[in-house]
Amino acid sequence: MMENWELDLQPYKQAVEELKVKLRSLREQYQRSSRHTPIEFVTGRVKPIGSIEEKAKRKNIPLRELEQRMQDIAGIRIVCQFVTDIDTIVDMIRSRKDITIINERDYIKEKKSSGYRSFHMVIDYPVHTIKGTKHILVEIQVRTMAMNFWATIEHSLNYKYRGEIPDDIKERLYRASEAAYNLDEEMSKIQGEVREAQSIIALRQGEHRTSFKNG
Amino acid sequence: MMENWELDLQPYKQAVEELKVKLRSLREQYQRSSRHTPIEFVTGRVKPIGSIEEKAKRKNIPLRELEQRMQDIAGIRIVCQFVTDIDTIVDMIRSRKDITIINERDYIKEKKSSGYRSFHMVIDYPVHTIKGTKHILVEIQVRTMAMNFWATIEHSLNYKYRGEIPDDIKERLYRASEAAYNLDEEMSKIQGEVREAQSIIALRQGEHRTSFKNG
Amino acid sequence: MMENWELDLQPYKQAVEELKVKLRSLREQYQRSSRHTPIEFVTGRVKPIGSIEEKAKRKNIPLRELEQRMQDIAGIRIVCQFVTDIDTIVDMIRSRKDITIINERDYIKEKKSSGYRSFHMVIDYPVHTIKGTKHILVEIQVRTMAMNFWATIEHSLNYKYRGEIPDDIKERLYRASEAAYNLDEEMSKIQGEVREAQSIIALRQGEHRTSFKNG
Amino acid sequence: MMENWELDLQPYKQAVEELKVKLRSLREQYQRSSRHTPIEFVTGRVKPIGSIEEKAKRKNIPLRELEQRMQDIAGIRIVCQFVTDIDTIVDMIRSRKDITIINERDYIKEKKSSGYRSFHMVIDYPVHTIKGTKHILVEIQVRTMAMNFWATIEHSLNYKYRGEIPDDIKERLYRASEAAYNLDEEMSKIQGEVREAQSIIALRQGEHRTSFKNG
């Protein structure tokens, strides 16, 4: 790695595709089984080549060590409605036999000073290529819709200011993170009601149930 | 309509599929052109048969008048980051020649008493079937991520209580809608910064740009 | 055209995506309506940049005239079981209001000296971009599975020899085109039987019908 | 099995989805690596409920033994250009660690009396469900485009006559199978040329290479 980027990134793309199919299938199973589904939606991406190069330079990682040391080349994001869903998802990932957990970081119990909240896991996932089995590191981020909204904005600003966001913007951003946190708090309060409600919906609609999220 | 549901709903499904492809393509064009993209994601669904029947009964609509009188059998939802993006999207839809606007309802300027906010449009969209051209009504909902989060929850509760949500739950739900509103307000304040930031990102990454939302 | 290839080819990609969705939907409608479906599968592609440049050079087309003079930048292929299905598909395309036929070439009645058989149509298709409506030329090829198999092979050989296939290979290829023609002839003979059979299948399986081609 | 069909068939659907993603990824890898790709396209399906019930009745299989004894509830089909590609694909499947081969049947060396040709494998494939790991039987069929064309027609006729095709139709069908065989033979003769040609194409087009089959 990484002489021919397209070729080298192919197994990362494959890992992302396979994990998206697997996790979205779990989502569908929850829906069909008339239980609250802890997975609102699943997205995935392979880090753009430009971002890999920039990060390698910034963190001083030689290209030949990228596979071991850059743990977010392949990324999966699982977004859920409630903060408590995050535990359910993390437990479910831990119990899978096709995935090995490498490390975990809980930025919800200990949020970053910026206001960032999310649960991160780095996993080892084997893919079968035309040259044999290859082990790929994948970063999985688990977060609520409110955390996700905020993080999208923070990501843009961080990029703009190359990590050096001016103090006034930082402050505004932190206040927005509090608004996101409050939204999660209010949602938690009505969660019991909602969980019960969603089981009833699933039962009533049976397999005719479709939803905007199936897009 | 509606003797053979699967057959009768087929053109609705087709309209939803075509509009999803068309609107997602706009999203991609914004991204490639290095401008802030007012479209975060697009989803669509055909109303489940059970829900159509229930609504027809509740609103006293005979089945043969469904096509004209039930305007949300086909539904498209466009979700964006900022409240001001909603105007951009609405203008863009109004200017398309493949779509005729039937009516509009602005539940953002005048939110519902429940706390519900969104911009609704009902459009006439022609699809080509094996029996010729057919005009389909489609409801388009345009909202921010925060409005969307809240509406998802409210929908579940409304369903559970068949439109008769108890007062204490209603109150909690209303407080959550205020938290969602506050999040939108905070986001608006940093919007100018973010817009500028996103153009820079798009320019830097060029066509290597990928994103979790492309999933 | 064509300073920024990615941006310039975007509307072509959009046209291909929209037409694939529209034509595949017709296929599904035929299946659901218990009639023989004249569409076996639909594929589409935007011509690779390298091939556009090569062809422009070979045919002496200035880049600024590409949009008008290179008619196969966007390509759609419709593959069917029987030779007579081709007429059905061509008539159906001619009758659509969202498509304007620019020209047609019938390489089935008059096959090329190479053995190539297919029905070609060039159409004008309008797409809505963020800069307004844009008219795109799209080449539609209609052919049987046997014609398609042969054409795939011929395309590879033509490419290899840059249009100058040696005489012995040409002869072999011509014999293979006769084998493909014979397969189409044998299929035509049992076609009446098959058509009837397929309607019965569709009726029996009702909406549970799935097929490998839906992939 | 099988009280709630939708729920019971869910893991079969999941197995089919995962295998399609995995096998299509191999196809893409071959293309990018500038080698002849032995995989033309991959399709998959879960057997329709009606067909499962009919077959269970005909073969006298009690519903509770379906999972073990009906080996084609989940089906994957891999279609290739040349007869020799079939061996390549079979070897590749045998060497995968995420798949266990249960049995193989070579209807190419020994074609059926009807004229049917294909290579069949039944595999054991584990899927992770919300209730834990579940082992699913999947039938994989490997065949050329000509074999596939013929088999599609034969399937329809067999269905129509419930396995009792009249002798005159049988004869026509057998002649068509010979025409399909001849097409494969002619293709084999120019195969060496084509293989070489395709590597050159892949090299020239590099990652700009797209193809109608990617549809």
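Here the chain labels run A, B, C and D in written order, and each chain numbers its own residues starting at 1.
Keep this in mind: a contact is a pair of C-beta atoms (placed from the backbone, for glycine too) under 8 Å apart; a residue touches a chain by one contact, two chains touch by 3 or more.
This one's a predicted model, so the numbers in the text were calculated from it and none came from an experiment.
Novice: Supply the minimal count of touching-chain steps required to go from subunit B to subunit D.
Specialist: 2
Novice: What is the distance, in whole Å, between the centres of subunit A and subunit C, each centre taken as the mean of its C-alpha atoms?
Specialist: That gives a centre separation of 40 Å.
Novice: From the mean C-alpha coordinate of subunit A to that of subunit D, what's the distance rounded to whole Å?
Specialist: Each chain's C-alpha centroid was found; their separation is 34 Å.
Novice: Hey, how far is the Cα centre of subunit A from the one of subunit B, in Å?
Specialist: Distance between chain centres: 24 Å.
Novice: Where does subunit D touch two or more other chains at once, residue-wise?
Specialist: Residues of subunit D never touch two or more of the other chains.
Novice: Is the chain-to-chain touch network here best called a line, a ring, a star, complete, or other?
Specialist: If you draw each chain as a dot and join those that touch, you get a single closed ring.
Novice: Just spell out which pairs of chains touch, all of them.
Specialist: A-B, A-D, B-C, C-D
Novice: In the complex, go through subunit C and note every residue touching subunit D.
Specialist: Counting only subunit C, the residues touching subunit D are 20, 40-46, 48-51, 75, 77, 81, 145-146, 148-149, 152-153, 156-157, 159-161, 169, 172-173, 175-176, 179-180, 182-183, 185-187, 189-190, 193-194, 196-198, 200-201, 204-206, 208-215.
Novice: Quick check on the complex: what are the subunit C residues that touch subunit B?
Specialist: These residues of subunit C touch subunit B: 6-7, 10, 13-14, 17-18, 21-22, 25-26, 28-30, 32-33, 92, 96-98, 126-130, 133, 207.
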